[in-house]
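Multiple structures follow.
Next, two complexes with chain A in common: one pairs it with chain B, the other with chain C.
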Partner chain A sequence: MGNPRVKTDRKPPPAGRPAAPGIRQSMSGLHTWVGLLLGWVLYAMFLTGTVAYFKDELSQWMRPELPHQTEVPDQALVAQRVADALVAIAPGSPQWSLRLPDARNNSVYAFWRTAAAPGQRGFGEASFDPATGRKVTSRETMGGDFFYRFHFQFHYMPVIWGRWIAGVAAMFMLVAIVSGVITHKKIFVDFFTFRWGKGQRSWLDAHNALSVFGLPFHAMITYSGLVTLMALYMPWGEQAAIRTPAERQQLTAELSAFIQPGKPSGETAPLASIEDMVRHAQERWGRDNVGRVTVTHAGDAAARVAVARGEAGRVSMSPQYMEFEGPTGRLLAVHEGVGAAAETRGVLYALHLGRFSDSVTRWLYFLVSLAGTAMVGTGLVMWTVKRRQKLADPERPHVGFRLVERLNIAGIAGLSIAMAAFLWANRLLPQGMADRASWEIHGFFIVWALTLAHAALRPARTAWIEQLWTAAALLALLPVLNAATTRRPLWHSLAEGDWVFAGTDLLCWGLAGLHAVLAIRTARHQPRLRPARKPDRDPMAGAALRKGEA
Partner chain B sequence: MSHLPPLLLALAGFTALAFATDRQQHDLLGRPLPPSATRALRIAGAAALLLALGALVAWKGWGLGLVMFSGHASLAAGVVLGALILRARAAARAPKR
Partner chain C sequence: MTAVAGWIRGIGPLVSRIVAALFGGYALAALASVAVLALPMSKPQAVLTGMLASFAVYAGAVIWVFAARSARRAWTGLLVVAAPLLLAAWSVW
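The block that comes next holds the complex of A and B.
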């Protein structure tokens, strides 16, 4: 992040280029304000998105009734089992689709269009037990999908609004990245520079390190994030090029493996063996690498079945699927390639979601994304650090400063508390309660609102410390709560080799430690940043800054 | 093949590159290294990073290889900087107090 005094006073721009003097400074200003304006939205998107890299694992943790999956069950058998269930549950449905269990999922998520009155579009959805083909009986929860969806469409608002907000925020992020790189001219010289205990200078070093080390990721994730929703943000090309239903169908086929229902024939004909069709796909893509089975007009003579390839090991979300005739099981086509433009989208989409990752790569994604979160966080805090020294009266900062300061506390420390509270709610809300899944989410927002109120009412430094300690405590006690409320405490999952549960518990402790360190450092550090007698300290702070420059 | 060799290579690479900077030579060694040594460190560092990339690409192909390399490089740079910070803190504490 830019610091005009440090950045621009030092080396005058080369003579003979009159336009140059302003560029770095103006970029610095742009970076500061673009970063601040939607900084809290970006921070929340970054943190919930980071956690969403483990959304499948988190969903398992949030449904402790589903047994630990020691190995991936035979996907062909599971597909048949759940297909049978869906035939019974959704008769006459024009389309249903099920996601098969894999190394990261121990249940089968399925949704179906209901055969409602014409013109109406109804949906049903459920999770199924791979072993029995019956609906799972676990607590009602949105699981890790809440963080995933919040990350790009927020909540309590129409999905489209949320996605537009996410898009504007991502655009701001892109501007912040480019202007940040221009502002930070000494990327290579200062690559390994960190000056400890120098106030603003240290914050800037930290912000730079977090930004530069993860720069390929930050740029990729922002750009690819925009690409995932590009059809919403810039629909005109598509509108101009795609006019007929046939063209639309072709477009859909390039973008997803959800085959669209055509017209039913009206003639009944039972589905051929789904198991055999999935076997066919397993031979092509590997035993555990079938992703999804979609069926249109099951039970009708015009039924079609698409068996799609899984996401593992393939840096592209472009659909690959085998299409079968429903009643006979005859292979109609194998779709394994799309056009160059669609493939570009498919690759960027895959890069954003990282679902192709093995577990090490997923951890790399998580860690670098966490660094991105910290990049936004340090940027937000730096805005106040930088301005606090210049306040006329530190005891009575102006309203803008107070606003940013308080939003920072609730947006950063408060979000940690709210996210932990969401997991607490998952363990504490009574099973069978009405709208239980919604109340987990309401709990998240109620707690987040409380942290904002707390941040507004307490002195800023105290509020930081109290909220960071609260987050640390909630996270540290989560494994204890899990041990008390489920039959899968940490020692049990460690003994069983259940790394979904053990990993979640241990990660909670790791994050609790992180928050505790931040709380301790805030408690210790503050006197330096907020001197009792400002005029005495200011020259020293300036001297430290200049010295840090040398 | 596993993720360990590329990560170690990236760590070695960034360590060499860190030693090739003026600031770290001053902080860690107390004197600047001769230009030839600095150049050798830079080449060695870059070579180690390229080797890490090559190993990952040979193992997983360009798509996954590049993604994994990016992750390992980011992590390794962070670890090296973290180690430098810890060392500088320890050094600052030792002589004064």
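The block that comes next holds the complex of A and C.
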């Protein structure tokens, strides 16, 4: 789309510098177009991904029926309780796995492969109450996991498609980062430059500051994002080298603590005490630092149990686990090291997810990731700000300009509204409604589509202001809605020291304030359609363009 | 008038570069990820090294394609790098 407009980017920088030789201009053009084409996808990935740093907390907030967890329960006891439940729920399952509660998580998530007809691979999943070992009874919701999943596989499409789209977008992002740095000669000096209230220059300075401030993070998060799904994107080496089941097993062992089910013996033998096995792991990794228990062929003489280390206390996702013989509880092996390349992958993976973080680090992750979101957002807005001054007739902009302008409104302000609406739906949809969890998500997309329609129908500036105020209002009223619909209002959670609920409520107010500030600034801003300095930039443009194209 | 002529002359090379970046870059990255298997290390580590490095190769290729003075040079550069990688990849496939 819009190839002719590539030219507009090949102008020399406005500040009267001599026309720079090709590279900086071509990188600037590349930066503009890779940034724009999937910019809205990237913005959505960035913002939902940012929120996903608090996905466990958000999931708790979205299941208000589950009591506030004051301390982490003894993981060994919990593991035994839920394992007993799973033995009853999933008899003959070739593999089941449960994630133990920790400081951030007050329920036990478990999934199991069902012993379905051969050739079929069925799965079951449920959350369990650590105190009782029974299935959790709370409103049906996907919780914070919706934002988490959406940020790399979207929705309403096969997950593989979504992951490919996310991969292409991440690759665009990586190219935008590298080309942005090359474009930006005075990267350090410009970081300390900020020209307030100067229209395009202010947007440029904001974009630069946000980008440079978080540059190591943005580069890391983009590259590590690609790494999390690298086996999907780059399967060729694996296909060339890994040919036998034994080799596959070897590779899998470098990546995952999920032990794979072998062949059952057919001889029944009950599982030994899971509690004892987890105790063993607690001695090694700490009382609250056991992550996951995976069991293959429970109830069979060939059963195996893997008890994996938690995610706190080390910046790596590479597998560390103890493997036990199921019926006897005998320790078979301790897996604690993987090869250098696998460890590199494990570290990058962990850096992306940030699950190792304590609460201070987690907030830093959230803030710098929000800066990354704003970097993408300011870049998108700058595209229109830069071009509005050059429009032949500012009253009737060309279709490409209008498209970008409207998509920006719905993609940026509209997304905030849709995300807030998702949380509203969580509180307002009746409990016990059929497909309740899906309807929360449909609500998100319906509202998002409405913001796009609104952006298309209203004048651009008005649409920005109205949508930003709507987002501010929805966020500001969420704590009120929470107080009205649950027994855990803000004053109650503050008094109880329930920081999951209090934190979510307060963060909503903080974000409402941010949207209100943006709305006020947009309302006050007077765009200058015919800037005085226009004549001094144009004479150079044609010449530089022809040079650049040669 | 010159702008229109420039646009027509400009679009061919631009499309060529976009193809080189998207598909040439991916092919080069894929090739590099297989060529790594020729290095003296264990298979799982080599496979993972190839995957890890491939995105840097891809990004580098895209930057090269748009930094090169002409579309023809962009393609030539990709092919020059691809040749030894192809040899290495051939030896292990």
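Everything below uses one rule, namely that the second predicted complex is superposed on the first by the 505 of 550 C-alpha atoms of A that agree within 3 Å, B and C clash if a C-alpha of one lies under 4 Å from a C-alpha of the other, contacts with A are read in each partner's own complex, and residues count from 1 in each chain.
Everything below uses one rule, namely that a contact is a pair of C-beta atoms (placed from the backbone, for glycine too) under 8 Å apart; a residue touches a chain by one contact, two chains touch by 3 or more.
Not measured: the values here are computed from a predicted model.
For the composite obtained by superposing both complexes on chain A, the positions of chain B and chain C are free of clash and fit together. Look at A:365: by the touch rule set out above, it reaches chain B but stays clear of chain C. With both structures placed on the common chain, the touch criterion links A:347 to chain B but leaves chain C unconnected.
When both complexes are overlaid on chain A, the residue A:356 reaches chain B alone and has no touch with chain C.
The larger set of touched chain A residues comes from C, when the choice is between chain B and chain C.
With the two structures brought together on chain A, the opening angle seen from the C-alpha centre of chain A toward chain B and chain C is 90°, to the nearest 10. Touch criterion not met for A:38: it reaches neither chain B nor chain C. Once the two complexes are overlaid on the shared chain, A:76 sits clear of chain B and of chain C alike. In the superposed model, A:216 makes contact with chain B only, not with chain C. In the superposed pair of complexes, A:58 makes contact with neither chain B nor chain C.
In the superposition on chain A, contact of A:313 is made with chain B only, not with chain C. Per the superposed model, the minimal spacing between any CA atom of chain B and any CA atom of chain C is 19 Å. Contact residues on chain A toward chain B in their complex (touch as defined above): 189, 191-194, 196, 209, 213-214, 216-217, 220, 313-316, 347, 351, 354, 356-357, 360-361, 364-365, 367-368, 371.
Only residues 3-4, 6-7, 22-23, 26-27, 29-30, 171, 174-175, 178-179, 182, 223, 226-227, 230-231, 233-234, 236-238, 240-242, 247, 250-251, 254, 339-342, 344-345, 348, 545-546, 549-550 of chain A touch chain C when the two sit together in their complex. Against chain A, the residues of chain B that register as touching in their complex are 3, 17-18, 21, 23-24, 60, 63-64, 67-68, 70-75, 77-78, 80-81, 84-85, 88-89, 92.
Residues of chain C that touch chain A in their complex: 6-7, 9-11, 14, 29-30, 33-34, 36-37, 41-52, 54-56, 58-59, 62-63, 66-67, 69-70, 89, 92-93.
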